[in-house]
Amino acid sequence: MNTSPSSKNNPGNYFEDFRLGQKIRHAAPRTVTVGDVALYNGLFGARFAVQSSDEFARAIGYPRAPLDDLLVFHVVFGKTVPDISLNAVANLGYADCRFLKPVYPGDTLSAESEIIGLKENSNRKTGIVYVRSRGFNQGGAPVIDYARWVMVRKRDETAVVPEERVPQLPKAVEPSALGAACPAIDASAYDAVLAGSPHRFGDYKAGEKIDHVDGMTVHFNLFAQSKDRFGKRLIYGGHVISLARALSFNGLANAFHVAAINGGRHVAPLFAGLTVFAWSEVLATADVRGRSDIGALRLRTVATKDKPCADFPYKEGEDYDPAVILDLDYWVLMPK
Amino acid sequence: MNTSPSSKNNPGNYFEDFRLGQKIRHAAPRTVTVGDVALYNGLFGARFAVQSSDEFARAIGYPRAPLDDLLVFHVVFGKTVPDISLNAVANLGYADCRFLKPVYPGDTLSAESEIIGLKENSNRKTGIVYVRSRGFNQGGAPVIDYARWVMVRKRDETAVVPEERVPQLPKAVEPSALGAACPAIDASAYDAVLAGSPHRFGDYKAGEKIDHVDGMTVHFNLFAQSKDRFGKRLIYGGHVISLARALSFNGLANAFHVAAINGGRHVAPLFAGLTVFAWSEVLATADVRGRSDIGALRLRTVATKDKPCADFPYKEGEDYDPAVILDLDYWVLMPK
Amino acid sequence: MNTSPSSKNNPGNYFEDFRLGQKIRHAAPRTVTVGDVALYNGLFGARFAVQSSDEFARAIGYPRAPLDDLLVFHVVFGKTVPDISLNAVANLGYADCRFLKPVYPGDTLSAESEIIGLKENSNRKTGIVYVRSRGFNQGGAPVIDYARWVMVRKRDETAVVPEERVPQLPKAVEPSALGAACPAIDASAYDAVLAGSPHRFGDYKAGEKIDHVDGMTVHFNLFAQSKDRFGKRLIYGGHVISLARALSFNGLANAFHVAAINGGRHVAPLFAGLTVFAWSEVLATADVRGRSDIGALRLRTVATKDKPCADFPYKEGEDYDPAVILDLDYWVLMPK
């Protein structure tokens, strides 16, 4: 009887396993449901009206309440982990993330990735993998498209990667690329009282800073597998992004849709039991091509741990304030 | 570039911000789903047959399983927090809470409140706000109506509140006001074995005390935002109410509907890691006007922390037993 | 006024309360929903394609994604607890567990049990209760059938149990009894890339051992009532079974259906905060009668706490490795 270990498990890809141009279809597709929505809301306290209420969504032009954009991001991101980042040291960045189509409960999401860059680190123990990932609905239509780069261990320090390249990625998504996942809305039917704020697109100005006031204590981390293989646990930063977005309701209640993520940095890890606070700065305002119903705000949202944000903690010189855990640059849409 | 703080966030209302007769429409409406039901059941272990099983509910006359009454309460209550109790020191009491219409998965709940009383405290640092809140379904029909009063900080100790009044609130809901949220049921189709108890309305007598035996350990607190602004965390007492109601299944399994809450006192806070126990006393029994299918029990349910309830811990003279955390007075309906 | 304690609560059955041949209908039926599925997936990280995706399930012949088999087991098991094991010292074993029909979101599950064996322990303080339990859907069709035995306290040490018997239970379910809950599938439409592994039934050999690599940290325990009556908390072992099954995806991704559980031993308790790892050995492979679409693997899956499984920790002589918490023997189905 053969009792030797099999090689049927997936040890994850190491840096030298990747090739430029490599395409990967990820397992396994997931039908997202109102159950996932309830869990998401319960974990993060999300309360944007469009995603919270079928009635509110229908009143402005959606067929029903769409999924929170970040839930879509997490589901697709999660699918890429076993192939891309199981042996990651750190998730280094995101770029050019665009939401392309609304996702509704009952839709089934799948994910594919392409390796768009590879760069070995000088210590030869790790390398940076640049990957473009796309999520699709059951009809095959893309719902999200984004790039990320991640530092991945090498299995064998002497291994040589045949071809390297560092891709050019945009610093920010162009306003002209925004809005694909937002149907034409009836801004006059958008009930600002029900939504929680009188402030529409035209009320926000570049440079304005908003303290989101509320704090939320993190209990634990769903949407991620705990990894202890290397003695260090890689916390899923997406959890912090969702907390920051949910907290931003207080001051940005009408920012009903995350249209794009320009970039994000997980400045420091977060552990259970800490309380997360957040503040935002309006980096820019923009019209959306062909759309008189909505406008776009480019935001920097900063999340902190155990530190309220009334004085907008950010950087001290080159370094981040030690309380900062997230520095996120993204576009949201607001009714005009 | 303007980098001054904006005033777009909601700092919450302070005592002097409220006015008698003021009406508030709360954000944001919420479509409640089977996902919320699963989360509620997972957190509290609710297992009353009518709310657990579409088949059971249909057999007795509901179109399908309605939401747990307290889930309806929590959703509506949660909507009122940002406008009413963000700057609260303590939630002091509830009165005259009536459930008016069954709520089903897929319904969308919204909430409105009216300020019905204001009374500054003699220290001039806080005042008591009395508010009547109502929840509505997507058709605009009221599903719940209740009063509560809450101690709220003043922003400015010197501020003067123009008009004060302490409203008269009933000690208990009259039996004649019960039953609006309960359709006519076929009591003969009510399968007591499936429901978990042979004891129907006629088997309970005023004065009877029931130890609910089981304990449930509290892991964490959903349905509430953590507030740390004043260095003290306001625990959402509704979590304890739901735990006590779920525990009461053991002894009151056929009390299938909470028809009204007469009053409730959160005697002491609850922290994660403790185990909650509960017991109930039948305060009164009553017929429900025009209904031969159901009868009403007025109950006092007492919840304790880390103390089983075989000897019914309650008051020691004027003071509560130190283990008591909840003293709830409410009406339930049972099949005849 | 009568203020004496009532006997309306359920103190649970003690050993001397059971009788051979006794039949019990359990309360309360439960409509299982996509909400329960989301909670299950969130807790355990389950990602087998058939249960994750309506599209994937439909492509191979299911009407939609069925519930995870172990979720069905937990729901039915949970119903039996108040009548069978409320006064249990320990859950000793399972046998002859067969899944008989797929369960879909929206189905309503109920449970019945029969006492098939009773054996007092020599200390006369406890006895072993053998019970056969069955779960049914809303149409009355059995969906699961299993035996378990559990050590239950006596209320009164002097009580005499009129008739004792130790039932004969099979060491393993026969392959001919497998497959009832699996519709005929179109194995050619089974997309192994989407499912997460190229390895089908024919690729596995008896004696093969698979390290499932990943670890998952346990946060807390749903699907169970905490019991503190006897000063010791009985941890629900089913939680560990689900974790082990979810972890086994890495190496057994195409083992899309648990067809039967031959036996299981909860070797040691698990507490929150520990990380669970798992490995499996293929004990046997078998054809399924009348089925060319699928084959069966008999697996031993071993779960450990805080110990990765690259060297397959199991027994040291007669004793289990101290890290082992679960030793599970079961049949899974794979596409041919």
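Think of it as A, B and C in the order they're written, each chain with its own count starting at 1.
Operating definition for what follows: a residue touches a chain if its C-beta (ideal position, glycine included) is under 8 Å from a C-beta of that chain, and two chains touch if they have at least 3 such contacts.
Here the structure is a predicted model, which means the values were calculated and not measured.
Asks: For the sequence-identical pair subunit B and subunit C, determine the rotation angle of the Cα superposition and round it to the nearest 5 degrees.
Replies: 120
Asks: Same or different for subunit A and subunit B, when you check if over half of the residue numbers at their contact belong to both copies?
Replies: Different: fewer than half of the residue numbers at the subunit A-subunit B interface appear in both copies.
Asks: Nearest whole angstrom, what separates the Cα centre of subunit A from the Cα centre of subunit B?
Replies: Here subunit A and subunit B have centroids separated by 36 Å.
Asks: If I count partner chains per residue in subunit C, which residues reach a count of at least 2?
Replies: 33-36, 38-39, 219
Asks: Going by the contact rule set out above, which residues of subunit B touch subunit C in the complex?
Replies: Subunit B residues touching subunit C: 33-39, 41-43, 45, 47-49, 52-56, 65, 193-197, 199, 203-217, 219, 250-253, 275, 281, 308, 310, 312.
Asks: What part of subunit C is in contact with subunit B in the complex they form?
Replies: 1-6, 8-11, 25, 27-31, 33-36, 38-39, 82, 106, 108, 110, 138, 219-220, 222-223, 225-229
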